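Note that the chains are named A, B and C in the order they appear, and that numbering of residues resets to 1 at the start of each chain.
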């Protein structure tokens, strides 16, 4: 069945098909549609799940982790400020090794407060111990929720997973989405097996106890890392089964027109499809350009990234995030990953674009290729380039003249 | 001991040394063993954290010596001087501990091991340590005490100064006997036995305990400085009182209705002593054998 | 209360369920109350804990519990209880767990979480009618970090953050009333120094479903400045001076379970604690002492007039 679904609708369908049993919830734009959709299904008997409205995302993530630890399949969703409000618990429940799925609808962070997307929210959660899947299409959102449950619950992993989709560009955007049948999904995703863990009378279980000293702490923290490292192979294995079951193929790192490319874009999330469109145009103009998109950001698919970049001359990394005082976060991840690789040493050029939902035009993609080629040719790597135009600055000046009225509407110097 | 380390630290500082002092304790707020350390050098101190190779180890509570968790023997070598606050002679300790290094003991005369004796323990230990190290003058020690104990009233401060002078004088024969610390050679050193941690099932690899009552393996009885002893002759076997009030569940009632104190875990709070309506629970210093204390009382 | 199995102190449990060997301070009034409560609750419990002194009850690999435990964070223990309770219900409904395996869901926090950071999560859990028992050990300050002023610190008390001559200028928040205003199934104050009253209330709470609070004043030798052996004595004084009214609330009606016949002057309670020493030396702060006494008298005056204090 193929039907028109928003990214939020696709996330809700993913949860429904995964037959989630528990949904602790809290509203936040642009995520709210997900929990409202599932709530309606519950109210009309289409979904056998318990929904509970918590008082905050902090409470919501606590409840989700507690329920997963007790042994039920749990799903929840948030966005932006909510993700950060719950940040303490992201780290905490990941340490419990509580497998559940959290959908984050990416949205720029305050201040200034905004509703539109970028990736600073999800990247703030980069090191919390959750695995991260970054979706580019509404179809991928639904599919990623199913994949996420399978990976999270695997005994070789046992970690919670965040499935990330961009606000507006996916959350409120409808696309045709293939919704698999319950029977098909049952063949891919077996019921949650808590492996005899959970709170039961007669079986004492003290979870998340304190430790004293670095010996116990180092061990437990590093075990989370080893679990996350295992997750890459488990993801790949699950993706093969997914392809066999549903006929859609996913890889930890998506490559588009990369094989013979000289210059490659690196992007995450829905804006990557804009880059794909630009690649098509560039290819039509005879330029060997491709795209690399990590679907899996944690664990970081280091080897797959390196393989995809063998022989590339230039890489334009487009970060929809900003680490003030450094620049783009993906850029630092890629630079670190490629450091010291003798046969993989493309020039990395950093671009910051799409902050707070700011669009990226095709001409900007084309120009990024020019700049990257120039850097390759000269060996001079330019500083990070913010995608920001003169006309945007003129708009800012106009607004500033209103905001700073005492300057009597005059031009700022 | 935190105070002791600060007194000693400031004394070194006043003598012109570069100094580091710090307490090190577990999660307990009060009652559990703690340690503290001081480093002093004429050069900038770049080391940090626990002292792996101490020149002087001062033990304020001798009951901690046999307790592995207290770490009294951490890094102890033939060069380490051991100063134990104890009535027993150094020879007794040497036989008992089988250590090579110099041992001294320190026992304030005429004082019982009651709480009063403990009031100046930090001062006494710091003063004795200062003399043994040999580079802290009487004046610097006094100045340090005045600085670190500034919160005390004049009389208490004077008491502390008295105790400090006494301990400082007592250690005169050992003045300067503490050997300076040594550095680990970068040429010949034991290689760290690093292991490659392997993934383990989340059941064991999460900070979770799949067992009950394991805390009973922690002997909090070592916290005690005083010991409650039930006098069976006076116990009316009301059984619910001491047993219910005991915060630590360390008093249980046997089949005959007699309360039994679990000395492995009793922390010595003395709530039972204060609450027993028949005054059938006595309080004795921890050091005295309970049998001796009860001699003649038991039927 | 007529059906109580705790008719006299002799009915109190002779066996204790809570393990020894915990890191709580000697003479801990909170631990005293907890072990008495646990004796009544039994081992079919899962404690959901918030950051506080009692987080250190379970330090890897040691736990004093026969049942289960989940440490969450400071603000969200009631939300953890929500997740556990809901999950247990789901498992029961779907036949993946037997009724015999079910657990009582018990939140355990100090006053820092209960009166402050955790209030939002607590209020949410009560409004949702969560079936849980909330135990608060109230030692009137952030005890685990060295007794800084919390929302539960009483007027005039000296704390690590109120060391001035008059102590804490604010008033202790009325958590009983905050809970009671939510109309939960049950709210009660207890103290380890009155174990029979405590046992009856825990028994009462266990017979009810929905949100239930057991609020235990926890005399704290370390934070309040008194010798550990005085924990019970101080607890009794808290009751006899009227500082800590023993009461319960059900169905919107509040009852006092132990009304001191002749209240002792509050000074008797204050003067044996280091945290109030500045009210007596170097000179008496009569105005503060009178103010504290007046508030207690006003409280009990209202009780005597109406038989109850409306929350």
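Criterion: a contact is a pair of C-beta atoms (placed from the backbone, for glycine too) under 8 Å apart; a residue touches a chain by one contact, two chains touch by 3 or more.
No experiment lies behind these values; they were computed from the predicted model shown.
Novice: Which chain's centre, taken as the mean of its Cα atoms, is farthest from the centre of chain A?
Specialist: B
Novice: So, comparing each chain's Cα centre against the centre of all protein Cα atoms, which one is closest?
Specialist: Ranked by how close its C-alpha centre lies to the overall one, first comes C.
Novice: Let me have the rounded angstrom distance from the C-alpha centre of chain A over to the C-alpha centre of chain B, please.
Specialist: Whole-Å distance between the two chain centres: 53.
Novice: Counting in whole Å, what is the centre-to-centre distance of chain A and chain C, each centre being its mean C-alpha position?
Specialist: The answer is 43 Å.
Novice: Round to the nearest whole Å and give the separation of the Cα centres of chain B and chain C.
Specialist: Centre separation, chain B to chain C: 33 Å.
Novice: Please output the residue numbers of chain A that touch at least 2 other chains, ranges allowed.
Specialist: 203-212, 216
Novice: Going by the contact rule already set, what residues in chain C reach two or more other chains?
Specialist: Chain C, residues with two or more chain partners: 43, 56, 58-60, 63, 65-67, 69.
Novice: For chain B, jot down the residues that touch at least 2 other chains.
Specialist: 26-27, 207, 209, 211-212
Novice: Which part of chain B faces chain C closely enough to touch in the complex?
Specialist: Its residues touching chain C are 26-32, 207, 209, 211-220, 223, 239-241, 243-250, 252-253, 262, 264-265, 267-271, 273-275.
Novice: Can you tell me which positions in chain A touch chain B when the two form their complex?
Specialist: 95-97, 155-156, 158, 195, 197, 203-212, 216, 219-220, 222-224, 226-227, 229-230
Novice: Once bound in the complex, which stretches of chain A touch chain C?
Specialist: Touch residues, chain A against chain C: 21-22, 24, 50, 52-56, 58-60, 62-72, 74, 88-89, 92, 198-212, 216.
Novice: Enumerate the contact residues on chain C facing chain A in the complex.
Specialist: Touching chain A: residues 43-44, 46, 48, 55-56, 58-60, 63, 65-73, 75-76, 78-84, 86-91, 94, 96-97, 100-103, 120-121, 123-124, 128 of chain C.
Novice: Okay, in this complex, where on chain C does chain B touch?
Specialist: 9-10, 12, 14-29, 31-32, 35-36, 43, 53, 56-67, 69, 143-144, 146, 192-193, 195, 221-222, 227-233
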